[in-house]
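Each chain gets a letter, A, B, C and D, in the order it is written, and its residues are counted from 1.
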Amino acid sequence: MAEVLDVAVRLIVIVVAFLLLPLIVGQMEHKAMAHMQSRLGPMYAGGFHGWAQLIADGVKFAQKEDVIPAAADRRVFAIAPAVALVPYLVVLVVIPVGPGLVGADVDAGLFFVLAVMGVGVLGAIMAGWASANKYSVLGGMRAAAQLMSYELPLVLAASSVAMAAGTLSLEGIAEQWRWWWLPWQAIGAVVFFVAGLAELRRPPFDMPIADSEIIMGTMTEYTGIRFALFMLAEYAGIVVLSALTAVLFLGGWQGPLLPGPVWTLIKVFVLAFVVIWVRVSFPRLREDQLQKLAWIGLVPLALLQLALTGVVKVLMA
Amino acid sequence: MIPVVALIVLLPFAAAAAGLLGSRWPRGGSRTEANDRAAARRAAWFAIAPGTASLLLTLWLAVWSARASGSGGTAFWAGLLPGSTEGTLTVVDTGSVPISVTLRADGLSILIGVLVVVVALAVQVYSVGYMRDDPRYASYSAFISLFTSAMLLVVYAGDLIVLYAGWEIMGLCSYLLIGHWWEDRANSRAAVKAFLVTRLGDVGFLFGIFTLGMAAGSFRIDAVLSADIPTGTLITATMLLLAGVAGKSAQVPLQTWLPDAMAGPTPISALIHAATMVAAGIFIVARLYPAFLGAQPTLDVLGVVAAVGMLGAALAALAQNDLKRVLAYSTISQLAYMAGGLAAGSDKAAIFHLLTHGAFKALLFLGAGAVIHHVGSNLMSHMGGLRTSIPFTFAGMTIGFAALMGLPPASGFFSKDAVIAAIEHSHSPAQPFLYAAALLTVGVTGAYAMRAWLRTFFGPSRVEALPEPEPGTAHVFDGREAPRSMLWPIGVLAVPALLLGFADVAEVDWGSALVSLIVGLLGAGVVYTFWRGAPHQDPARMLGPFRTACERAFYVDEAYRAVFARPILRLAHGVVRTDRQVVDGAVRGSGRLTMGLSGVVRLAQNGNAQLYVTGLLAGLLLITVAAVVLG
Amino acid sequence: MTSETPGFWPPSGPEVVFLLLGVVALGSALLVVTTRQLVHAALWLVLCFGALAGCYLVLTAEFVAWVQVLIYVGAVVVLLLFGIMLTRAPIGRSADLDSGNRWAAVLVALATAGVLLSVVVAGFGAAYAPLDPGQGAAKPLGSSIFRTWVLPFEALSVLLLAALIGAIVISRTDIRGRE
Amino acid sequence: MHIVYPVVVSALLFSIGVYGVLARRNAILVLMSVELMLNAVNLNLVAFDVWLRDRLHGGQVLTLFVIVIAAAEIGLGLAIVLAVYRNRRSIDVDRLRDLAEGDAPEVSPQSEVSPGRVAVGEDADREAGS
């Protein structure tokens, strides 16, 4: 009975976190971006600095009419947001917040995370195709191409750190982490983070939804709650990416003074802030630049990191 | 003397080679009129000069032979020309019976040789005028020379194979000359017919030679004649030889080519019908007469053939409208006389008639040529009343017709008399039949000669109403007497035609001569009576319903066509159809069958890879199941 | 091997789960080959692969399961969708996704199923394997690959490289063959 | 776990893949069906690996290899399919009949402008250019 209770508690915590953290990140984006652009951002909803703006947005989205284009493939169109969202929820299950503080300890956790995150892209492709809109299809194809390109550096960088730790378990990696891994795995960290951004289709890698070129890409035809789900998936993705980067490259809960889970959250939010920061700072890449960055930038760098890791590993052993 | 004989034979041959190769040299290429004329002139010299030389040599040979004290013999020429010579130039070893290239000149061959060279020279001279405007005169005269050479080879040959060579060359030359105006399809057909029909006889002839040669162990005529050959073999050999004789001498049943051979130029007709080709057959029998005498059945057959041939051909001649065809059938008839003489056992009478016939028939043909040359048509219905416009030709042809009818003192009277007397006195089983036919033929001969004479030279003139000349006939019409080069030969030939008979005047059997003379005059008189009644009309109408049959030569051609040509053609068609439908059909059918089967197989080969994989998997499953079930 | 082989009934928990996943996998596979919409086929393929990954999990082949998800769902299907889009698949039903030899295909497929089923049921009807968690974890598998199977692994990497180059050469129109 | 369960599932999956390969005319669908067959094989491999308790994990390792090969195969296969599509405007495998003996019935007369290349239907004139 205690086991069942344990599992139930863990799941509830995770669902709560899954609902809460993206909201916080979204609100942070609103405010941080506004301040970086020398404006106030949302100020009225909820009173203090418009803290309930995103909730209000959600209510507004929920109220909106659910429009599905006549030519669309209705079922695929309807499932697509879910396919985009659910993988991140699943991924959250295996991300440790502290020692033992994890939804489910999977032996090959890192692998699991990468595999499931790859599935998320399917949502974008499905949405793009099912909309029966040529901009959407273009967006879907861009999403697919982007995923194909960035999956490789992402996995390579992740495998570098897995190699360093000698395990695929996320908890194990975080435990093995030492401070000098920071310089050692720096390249891998950058590659992982950038590739993760690209996989999330966050600016400056948001070609699939590039509004100035293809209106809104995969999301052109989406309104209301489904659009909200896509937005939620995006912010959940930011949370997952930040958490993964924190666990893999920044030691997870390791840190002085403060308790482990707090450290984790701090690292996650710092990274989320960086994500927002990057969005505001960099212009959107062109499609060919995007591919070029992956294949002649990130992949060789990741391979370099892999070699470096291997060499150091052998030298230490 | 052999070199002289060889020279006599080779001179015309050289003339032929020179005429063929040299007449256009060195300006052969351009076919301008001036070139043609120059070539014709040169060809004429090439033809006539060696011919003259050959004639002179032959005469000298004759004089030498007459003076020599010969071995003698029963024949009259042995008395006239006793000298004989024989020489072998070379011996060709064949592995069995050797061929000796032997020439032989004796009384018989010298006599015939004189006839040949005289007629040949006359024809050559005559042709200069007759063929004046012909573009192919050069080859024409060269072929005549070659023809003469071949005939002389036959005459002087001392070996049967050598003789056969000349015999065959003659056949070739007759083909070439009859088809001289090959532009007209009928002419080339006539040439082919002459060639094929004589060739049919030649097959028998060749095998006859082989039989004789094998039996005697040599091809030399002396050896053959002196060899002791069994009678059966002799009969076989002579029967085979008879086929060749019938072919070359246009005897029944191979006579059909000769009337058609009139398609050639008239001088050629004179040459073929008077002196050379047809004479060759009679000459061969005379030459090998001892062998024939040893084979009495052959002579009997020859007699029957001659009897049928002389009367039938004479009747056919009576109904012809074409002057040359009249003469052609007349030739067949007269040759049958000679054959009859031979069958009756008198080679002397036959050769005598051959000589006189050669003279007067050449005369008649050359005269007919002059008439045709004058009128521009072969048909007697286009002639008439010509005695005033061409008196010289009229005189020459009158002599010729007189000789043909056997009127004294023309030569034909004596020679025909000799033949009839020989027949009368023979002891052949066919004698009564032969004698009756001979007498009847004398009457019919008188009739048709009279008819031709009257139709051509008397009666109303129809010259003015002539149409344009047709191809295949003489093609110049100038309305005057023929040129001198044509008249001279007529004049020259008229002399022997008139006088040659007196050579044998001592041996005339006056009784039988009187009978035949009366019969001949009777025939002529009937015709004259009919003609007097209506000079415009053809006296041949007296034949009544029989006339058409005579005109068509008793339908022999039609019969041959029905009996031989059509069945063979049908057989050939059948063979062709069999080949096309059965043999080719089998080949094509097997191909089509293969294609069809492969088409069925090809259905699977449709490029659809899925289908292939389906088949593959199905097969795999079957094999698996089989392996499990059977294993 | 345990000396005592449990019977087919009642099925154990993993067996129930496996059978359910198997049914899902087979059903979605059937839809893949029968659906008349191209993109749906790809999506059903995702479901099929996912279910198969679940099967692997039940069979304790954990690592293989995640590789299945990573490569098949994350890469292969995305590639297939990419291809479908590039070849301008229409939305909605396509009338002619099946070729003419459909019935032959049905026959052959049924025959294949019959043969295979009869063989495996006859051959392995009594076989039983107790499930032992941890057998397919990353560690034993990794050590096996890089110790025992390292040579095939290297050969495979060369093959992969060749395939990569080949795909690039084939798909790029600006690379021409030697004239 | 009774081994017969995964093996039966595998056999059925394989048969479904066979049907797909044989019956589908779209080349990409055929590729998908091939993947199904490969997966059936993988399932078999895993099942037998578990059954035989292979210490070297030959079955699972081979499964991984098969997955890798499948990825390579799908990459190359799609490249070929796209090249075909670029040239022909069609990826229907039953219309790619250059291997056919004689004239393939699908070749319309007006498309025989360029030998060696069977352009299908009305797309013949707007091919290439990509």
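The criterion applied here is as follows: a residue touches a chain if its C-beta (ideal position, glycine included) is under 8 Å from a C-beta of that chain, and two chains touch if they have at least 3 such contacts.
Model, not experiment: these values are computed from the prediction.
S.K.: Please report the smallest number of touch steps linking subunit A to subunit B.
M.R.: So the least number of steps between the two chains is 2.
S.K.: Looking only at C-beta pairs that count as contacts, which pair of chains has more of them, B-D or B-C?
M.R.: Of B-D and B-C, more C-beta pairs in contact link B-D.
S.K.: When you take the mean of every protein CA atom shown, which chain's own CA mean is nearest to it?
M.R.: Central chain: D.
S.K.: Express in whole angstrom the distance between the two chain centres, defined as the mean CA positions of subunit B and subunit D.
M.R.: The separation of the two C-alpha centroids amounts to 91 Å.
S.K.: How many Å are there between the centre of subunit B and the centre of subunit C, using C-alpha atoms for each centre?
M.R.: Centre-to-centre distance between subunit B and subunit C: 102 Å.
S.K.: List the centre-to-centre spacing of subunit C and subunit D in whole Å, with centres computed as mean CA coordinates.
M.R.: Chain centroid spacing, subunit C to subunit D, equals 13 Å.
S.K.: Roughly how far is subunit A from subunit D, centre to centre by C-alpha average, rounded to an integer in Å?
M.R.: Taking the average C-alpha coordinate of subunit A and of subunit D, the gap between them is 34 Å.
S.K.: Which parts of subunit B, given as residue numbers and ranges, touch two or more other chains?
M.R.: In subunit B, residues 608, 610-611, 614, 617 touch at least two other chains, as defined above.
S.K.: Can you pull out the residues of subunit D that are in contact with at least two other chains?
M.R.: In subunit D, 18, 22-23, 25, 93-94 touch at least two other chains.
S.K.: Listing for subunit C: what residues touch at least two other chains?
M.R.: Answer for subunit C, listing residues that touch two or more other chains: 63, 67, 75, 79, 82, 86, 99, 101, 104-105, 108, 112.
S.K.: What graph shape do the protein chains here make by touch: line, ring, star, complete or other?
M.R.: other
S.K.: Applying that definition of touch, give me each pair of chains that meets it.
M.R.: Every touching chain pair, ordered by label, is A-C, B-C, B-D, C-D.
S.K.: Could you pull out which subunit B residues touch subunit D in their complex?
M.R.: 602, 605-611, 613-614, 617
S.K.: Taking the touch rule as given, give the residues of subunit B at its contact with subunit C in the complex, in rising order.
M.R.: It is residues 608, 610-611, 614, 617-618, 621, 624-625, 628 of subunit B that touch subunit C.
S.K.: Under the touch definition given earlier, write down the residues of subunit D that touch subunit C in their complex.
M.R.: 1-20, 22-26, 28-29, 31-33, 35-36, 39, 42-43, 46-47, 49-51, 53, 56-58, 60-61, 63-65, 67-76, 78-83, 85-86, 91-94, 130
S.K.: Which subunit D residues qualify as touching subunit B in the complex?
M.R.: 18, 21-23, 25, 30, 93-94, 96-102, 104
S.K.: Can you list the subunit A residues touching subunit C in their complex?
M.R.: 71-73, 76, 107-108, 111-112, 114-116, 118-119, 121-122, 125-126, 129-130, 132, 137, 140-141, 144-145, 147-148, 151, 155, 168
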